[in-house]
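Everything below concerns the one structure shown next.
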């Protein structure tokens, strides 16, 4: 029976010189608290503080990294218990689903999921044997037995995981009731929200007009008018700030921005509301709204995150049967230099503005993003994102970005996850990779080891708190 | 006089830890039979089983990697004996051509051609000195002297090279007479064909209408009608299957697919046949035909290979004087996410369908191909292709693909060559690079060595046979 | 107080095997003279041979790598002493500016600027302590004290730096008076010019028509006619050749070329002169002019350099207040395969023509540039350029280009700098990286060490002189 061990030097190069430096750098920062300024955990967990109930519903069902890989190898989503929209029954035997997963665990070799899951199995649940068909039942039973214990309550885990801060992400219409419920518990400083207004900004959504309507109701503004709509957004931003938000987030198909006249913008908004906007016009409206949001960020001081480039719901069969977020979002080529220009022409030289750029198109790291961030005071570079949030992906990010943007135009790590239990694993991978990258520079006499140690601290902790304005 | 030695650790990293692991992994798979599911050797060689006659016509004249490099440095194709279409005489002194090549052999430093050729010189012909101007005559004479021996007959070499299976590639109108001739020799299981219908699908070709006409004659179908044309293709596919084919291959300028209605497709086909289709329309027709071929693959079970992105015959002077395949095909940017969507919308969730995607645009590895293959059951990723079929190219493929697609959504190695003698060299490079990549993961504690050993077997043998359905 | 030391093994890998080989290779070529065939130093320095007067105006003010990074972190260009176009006063206390720079020196960690500056501080000025806030005054005073010495005169430094040849770059209308002034000093063979006609070719410039007018006055040609304009360019090319030029340089937004009929070209030229050309038409005119320049290169034998892909003056606020070349030029996606085709169709097979291609879009290295240069006799690949002129950038270039283009289709290193004092540092980085790359190939038994030594010489010296026709 294969052992499950997390080697203390995992992810460090085998070259003894570099490894020794990486070990020393890592030792100093391994124990720093986790600051997680961008993610998708459910605030209900922390508000209710109820135990999680099952290995499968905790670890597998919400993790589209896991079931997309299984699906790619011909395993139906139904057999994995993913709920169908038409209500047709799917596999509901959680043990069986866990067994299916375990018997295909070899598919994850070489992927970050494997590394994160092994970390969870070993560090959080204490397993010493590898997950296989043979050990599946034992894993399943043991995880379930542990989950009911008091030390596995969400708030206790927040503390055990050494999480100093965890930002969730909520749509503009969210009541933030779970964040409200946390007030007075002491955990309201730990679990904060992020303002993500895509639902009231993206006129391609079927519910756009209804959402704008609700936005008006929530804020007492006439959101049928351009001015009222903008004012309503300001009010919601303040509401989110009152629930801890220090940042906004914007998931757009492209990085396109615009700087329309007020009259043009108002007319375009009216067209979008009526549902008469063309695809180009809804794209232009989103573009205009990025610029509007940048303006509001200057007003209220919130850091602005832009996540462009995902082709959402690429697989219509999956979307129709199972809905969004089922592993069928695919990156696409993304352009920044021309697309960001209208916003940058207007606000780019304002050093009070903080915009963090992310990409799924790695070709832009060295060609566009590092040169932009190495010039514009408002721009910083977010970490390797999504499919690139992996050892090799993070290394490519550092190798391609650092020489032009330096370290200080980057903002530390985002785990960007809804997989709560994997947060320590993900931050640990990022810390190891950063230490490894720095150790390479030291070993090649491109950086002093004292400087590398200072940078390891900044990449893990200092720059994150600065970029997201976490006092 | 410089020695020619193939170092037993060539292509392994010099770090002793990684190298030792790579050695162990390689030792286990170095002797596995060669499965070559995609290539361009001439079936006549194996049908006739006649000796090859000359070093120059065997090793240089058919190898566009070799003469394109020489041409780039100002050496005329005429002086290399490449036949002109106008019949003007070119160099015909094969010894002199071989000397020209030898005296420029330094140009290949750092290229895979150098590595393959040295392997052939050392392992196949037994040379112990490097090829230089001084040794050129000795090489030329010795190779020629060996080529006439019985142990250099093509079938004997198939066995000597430990080739379990070799797929050639033939156009849709090919008589497959050489494959037929192999029946009963025992070599018909070893040398199989592949169905490549570009000649009857690409309406930009001058001979398209004539080819479709011939297709009708060969199959007894009315290929002037859309239905008859499709039926004729089905019949030819079966004919190829009867000669061993388990796969089709499609070399298109782009990865564009379409899903037209039957009436639209029929009208477009008629336009193409009449030679009245615009460039966009011939592109659309090729796009539609990829989707048709995918449908037929579901019917008859053949694996479908898509090779997009080559700008063929970029140099009109060379094309006019010497014809196609003279080293003047150049890769171009290739997009998959939108282009494949019509086909994937129709068939993407069918796990009986097997489509292998190749690219010449490495930016798509991590951005598009790995995410697509890590989701769609029908998609697998072909190995690094053509200019990227090289140590660094293969490493980039594994580094950029593995974390999102895993290993099991890849399909092993293709040598894709008409250079028969280089097949063992090419497979050996691929095996060494895979072992090296795996050894790196083991050395960094990202994978167990037992897992790496299993993967080395899969990448060399198991996944190839599965992907190409070679029982 | 941190020490400033240039480690003798800097930039070499820490693996002892590779490092030892790199050391041996480097030892042989470290002392070769510097050949700098492309750069932007001021010929006035060498003509006047006056001492430089101040650390800040010498090292900081002209270096947009330095002030773009500081600006990206919120430090105003005014506070760095960058002159405003409106004459509003900016910081003029050079000591204070130097202190500002010193106190932000940590921002450059991991960037090539840091490496170059440390080299200058250590090797040129003899500092043994690192630059920090605490040592800033000492640096400033000591540099200034040294700058006034006779051994810091520009010509003396040319000799001290072991510079065999330095090419400057001048616009088509430049009087070349400084190069003239050098005649008879012996330094006219060392400091040569390069013909850069962008100012009379780019009709998007506000001064285009005026420049063409001046071109006529300088040459006695009627530059209002297409024939007269072309003849005037020929005359200026000869004038530059008389001042040492062996090469031309062309900085275009894209790599687009065209091959218009004479009548079309003449009509387009007339439209451009009248200021009535659209953006597409000025682009087409530049495209046509690249082809014209290639034709003239065949006539007069000058090597042609093409530098496409920079989005110039991306930041309009900076451009308006401070002018061009203030760190706001950003790379953009660049396409070569289609864009170069008209020129290549006309002249691509002429092996007397020498065109050196550069790119800011690294995705084209393996996909487009190496395949093109590995085929067309007229094409060679320039080194990693601008943002990619850095250790990692150079490594990516070699890793991605070599397997398809080989080494002999590359042309050695360009420092491309106006920072005269950094020239030895930049060439040293390039030499170390090349030796390191070659050492890796040797350590992995992909190249003999004797071959690597020959290549190190070629990459440092031989290929540069050949490509730029420096006898």
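Letters A, B and C mark the chains in the order given here, with residues in each chain numbered from 1 onward.
Following the convention adopted for this analysis, a residue touches a chain if its C-beta (ideal position, glycine included) is under 8 Å from a C-beta of that chain, and two chains touch if they have at least 3 such contacts.
These figures come from a predicted structure and were not determined experimentally.
Interface residue usage between subunit A and subunit C, two copies of one sequence, is largely distinct: under half of the residue numbers at the contact are used by both copies. The angle of the rotation superposing subunit A on subunit B, based on CA atoms and rounded to the nearest 5, is 120 degrees.
Between the CA-based centres of subunit A and subunit C the separation comes to 40 Å, rounded to the whole angstrom. Across the assembly, subunit B contributes 15, 363 as residues in contact with two or more other chains. Contact residues of subunit C toward subunit A in the complex are 2, 7, 9-15, 68-69, 71-74, 106-112, 115, 311, 314-318, 327-328, 330-333, 360-363, 387-388, 390-393.
Interface residues of subunit C, counted against subunit B in their complex, comprise 15, 17-18, 335, 337-338, 341, 344-345, 348-349, 351, 363, 366-368, 370-377, 379, 399-400, 402-409, 441, 443-448, 450-451, 454-455.
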